[in-house]
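In what comes next, chain A is part of two complexes: it sits with chain B in the first one and with chain C in the second one.
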Partner chain A sequence: MEQILANGIYLGSQYAMIALGLTLIFALMNVLNFAHGQMYVIGGFVTYTFYGQWGVPFVLALVMSCVTLAILGALIEKFLFAPVIKGSAREESTMLLAAGIAFFLDAVILLVFGEKQRGVPKIVDGVFNWDFRIIMPYDRILICVLAILSIVAFIGLMQYTKTGRALRALAQDRTAAQLMGVNVDRYSMIGFALGAMLAGLVGGLLVTITGVNLGMGGPTSIKAFMMVMIGGAGVISGAIWGGIILGFMEAIGLALLYQYGDITYLLIFVSLMIFLAIRPQGLMGKPWG
Partner chain B sequence: MLGFTSKQLVGVGIFLFVIFIGVPLIINATGRWDFYFTLTSVALLAIASAGVWLTFYIGRINIGQGAFALIGAYVSAILVVKAGWSFWISLPVAGLFAAVVAILIGLPILRLRGVYFAMITLVLTQVVTLTALALPITNGAKGISNIPLPSGISLLGIPILPDFAGMENTKLAFYFTACIIMVLTYAALYRLVNSRLGHLCRSMQQNEELASSIGVNIAYIRIVIFAISSFFGGLGGAMFGSIAQSVYPSSFQVADSVNFMLNCFLGGLGYVFGPMLGTLVLYFGWDLLFEFGKYQMLIYSTILIIIIRFLPNGLLSIRFDKGGDK
Partner chain C sequence: MQRRPLMKAALMAATLTAFGATAAFAENPVLKIGFVGVTSGPAAAWGISNQRSMEARADWINETGGYTIGDTTYDIEIVSFDDQKDPKRAIAGMEKMAQEGIHYVVGPNVDDGAAAVRPVAESSGIMYFPYAFPKSLYQAPASNAVLGMVANYQSGPAIYEYLMQEKGVKTVAFIAANESDPLSQRDGGVEAAKALGLEVVSDNVTYQVDTTDFTPVLTPVMRSRPDLLVLSGVSPANAPQLIRSARELGFQGIISTETAQDAGVLAEGAGDLANGFISVGGASTPELASPMMNEFVDRYTKMFGEYNDESNTKVYALEYILETLKADPSAIDNVDAFKAKMDTFEAPNPYMNGDAKLRYVGMTSFGQKRQVAVPLVVNVYQDGVFETLFVAEVD
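Right, the complex of A and B next:
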């Protein structure tokens, strides 16, 4: 039981970070970022290149992941999403753009990093063993702590800085924020960059444990969508709850039903559909997003 | 005639001429027989995309068509292989089965809107794939292979449809079958959009509350539309399974569901024939770029991004100013 809880916290903290970036982008621009999983994969590959191949310290490699993704996110927002949102008759057209970008990033990853599964050397050796009730490698614990710290830092940023206040205002009401003198274009770009950066950060953190490969992008995006749905689209606290709930469901399901294989995911998906049918806006979302 | 302008009739005539006579002639002349398979796939995917377009027409983003295509493919395959039905009977049954599933699932989830509906349909595709893996009747990951080719049909001793297995050129036969079904689908779609139901759908697309307040039964209409949409999906999927002669849980995945949606976007959401053009451009374009080897994806996605960057309302919006052809 303790083991399941520990696994749940570990998975949940990773998931929450992925969902945070996605929900931030959604809240600000009403864009479903299909390319989120690909951004996560790129983050993983950047850390792999710096830390695994060139021997740069791990923290520095993580920073490089964040910087790369932030720049990438800013460019994508400025030159692709912003003009398309302005020019299209129905704002759903951005979904086509997002999917196009997902394909494009997949192609770039394939050309630059290849299709092989890549892993890096362990950052810390050893396994934490509490009387055989909780067994967890130290590097997982470290990654989990780092993830929780980043989430706390992100919430701090959103709550207590000028940028965070502007972003929250933007998410609440775009027009009103503009009238209050918020530079909407600039903060949209910053928000998108921040969301992409979070994806890159998780990618960089997780490459030390699960490694990284080209095919991880799509499934990661789908999981992120699910977490966002559980918590409610565009709500920061919802994304965190969604991540934690999905993490625990997966940990519990895999522990109890491991002999049936994919049944866990089937059950999760079905219960999610039932949940959403009863409460369409998720745990804490606004109705009709 | 029938309320069509002569210009429209000429357009339809040219279109029919091209797909039924022009294309076979060109393929015969160039010897690119593989194009038959590509174009047949385009026709079938266009049928499924037509369904997605219809759900867009009531203002819902549908990323779940892959689920219904997979359901259709499995129903037809199981009926043909395990129950020994004729393919031609299993085809409409597959469509109807998909429609019934759509009604059952649609009752709760059609209350959702916007991204919530989009994401739940995305999850639906996963659910159907995983169910196909788990159920015994679908054979799990092994899928159903060696589906026999469609057999002939004769009424009172007169052959109506020939036996596909005895044919020299099944590719051509499948091409014609797919094209005929596609033409029928789009004719039905055009008729539907220009009927009373079509007007009601447009009112829902703009504002559901307002439509409801003036007496439109929105709950009923959205179920009907979703069922029709899924019927198309099941039809396309069943036909696809028959051509590939096999169905696997991975035959239609989330990526396919997304592609169906992209076809509609690319062609333009405001045009009945948008999804057909979108499917042609996306699928055929992908095939043509095959020669670029590993750069295929890069070039493809770059073109896609450029198109949406400069034509955010779809390809057919180039002629938006002239009034369109809605």
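Right, the complex of A and C next:
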């Protein structure tokens, strides 16, 4: 049971971070960013290049991932999403654009970083072993702590800074925010950059544990969407709860149901379908959007 | 005033350039060989090593004047199609090959893709060289597929037997991804292990293909405390993570797989934790490699930046196709002639030292010669490189 709890907390914290960026972008712009997983992968590859290839300190490599993805996110918003949102009232336009960007980024990743699985040296050696009741490598514990601290920092940013207040205003009511003097274009770009940066940050953190490869983008996006649907689309606290719930469901399922084969995700999907049929807006979402 | 002469000169230059380019292409007729396989996603390394091996070898052939079959010297063109490990796309890829009039195709890389393309290949007169293991592809009445490597049911028993005799292995656990290839390889491995007298202590733990964190998946397997952990059909992307998680959970036994792996990927993903990991290697070792194999490795590395050990196997398929066509030029657009030639075909193996031969095998496993003969090289990973554990022959 202790091991299940430890695995659940670890998985939940990393999943919550993945979902945060996605839900932030959705809240601000009503855009389902299908390229979120690819942004996560690019974050992993940037950290791999700086830390794993060039020997730059890990923290600096992580910063480079964040900066790269923030710039990429800002450019994507300014030159792709903003014009499309202004020119088309149809939601599927942005969905198609996001899917196109995902394919494009996949191709870029293949060209720049290749097709192979990549990994970096462990940032901390050793394994915490509490009488075989909890076994957890120290690097996972560190990444888990860093992920939780990042989530706390993100919540702090959203709650207590001018930028955070502007972003929350934008998420609540775009028109009202504009009337109150919020520069909508500027903060949309900042919000998208922040969401992309979160993807880059978690990609950079997790490359030390899971490595990174070209094919991780799509499945990561799907998991992120699941968490957002569980928690409620566009709600920050919902994304965090969605991540934690998915992490615990995975940890419990894998520990208790292994003798029945790979049915954990089957049950998770069935549970999600039933849950959404009962509460389509998710845990924290509002029925009116 | 000066514009017209300038335009004339430009037009003349363009015409000459176009004519020159056409003339250059027209020097040799082109023989197209297809590749349908996975070159994206977690298993991309399998297909990309195929595609790059073919492209490197084709470039080499073209650079040295082409390949002579009968009275004609051909330039070789590789036509590639990424099936994304999706059987539907594999069918589309094989249909594309048929539309282009291609009769010889390398791939697909996985079981369901290879099974899916069979009707298209058979109806379109295409011989294909899959890297997939279902026996039904190679046993009569099937006759168009030729296994391009050593199958897990050929390498697995050899590895288990070696470990029983040399390392005293008595118990074994299997773990596989939840998709057709790894599951069928796991079932074959379990059967082979039981036949050899090994006790199978765990064989029902599976994981999603896109799993990135294997600690929760492996925890129940580790409780069964096996001497040997077999990663059935594991992709190069997942192997380092599985090894790392198993070692971090305290597993001290032997870890093996019957699929080919990449030393660089293992070094980056698992580091020293991968030491002692046993896998089926590319069909060459420093002792076996001929000067031609060494030149192939050099050319491949120059073309693509880094080499993949698995290409030691993947280089063979194109060579077998071309050498068999050379042995019977009428097979160039007649796969029945190709099939007939396979039974007696034999040619010097240019990639191995000594008097090794290219020949088709498979009588024991399939009842007909539908497998290329390549050495079974079993490697052990140690400090960033593969070392040869043992070499064996199939059939």
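The criterion applied here is as follows: the second predicted complex is superposed on the first by the 284 of 289 C-alpha atoms of A that agree within 3 Å, B and C clash if a C-alpha of one lies under 4 Å from a C-alpha of the other, contacts with A are read in each partner's own complex, and residues count from 1 in each chain.
The definition used in the following text is that a contact is a pair of C-beta atoms (placed from the backbone, for glycine too) under 8 Å apart; a residue touches a chain by one contact, two chains touch by 3 or more.
Fair warning: this is a prediction, and the values are worked out from it, not measured in the lab.
After overlaying the two complexes on the shared chain, residue contacts for A:215 are found with chain C alone; chain B is out of touch.
After overlaying the two complexes on the shared chain, residue contacts for A:184 are found with neither chain B nor chain C.
When the shared chain is aligned, chain C comes close enough to touch A:137, but chain B does not. Contacts of A:262 after superposition on the shared chain: both chain B and chain C are touched. When both complexes are overlaid on chain A, the residue A:116 reaches chain C alone and has no touch with chain B.
When the shared chain is aligned, chain B comes close enough to touch A:280, but chain C does not.
Residue contacts after overlaying the shared chain place A:106 against chain B and chain C alike.
The contact surfaces that chain B and chain C form on chain A in the two complexes overlap at residues 106, 110, 218, 261-262, 265. On the chain A side of its complex with chain B, the touching residues are 26, 32, 34, 80, 83-84, 87-90, 92-93, 95-97, 99-101, 103-104, 106-108, 110-111, 218, 222, 225-226, 228-229, 233, 261-263, 265-266, 269-270, 272-274, 276-278, 280-282, 288-289.
Contacts from chain A toward chain C in the complex involve residues 3, 7, 10-11, 52, 106, 110, 114-122, 127, 129, 132, 135-137, 140, 206, 209-211, 213-216, 218-219, 250-251, 254-255, 258-262, 265.
Chain C meets chain A in the complex at residues 39-45, 48, 178, 204-208, 210, 212-213, 215-217, 219-220, 236-238, 240-241, 248-250, 262, 264-265, 268-271, 305. Within the complex formed with chain A, the residues of chain B that make contact are 56, 61, 108-109, 111-116, 118-120, 122-124, 126-127, 130-131, 133-134, 254-255, 258, 261-262, 265-266, 269-270, 294-295, 297-298, 300-302, 304-305, 308-309, 312-314.
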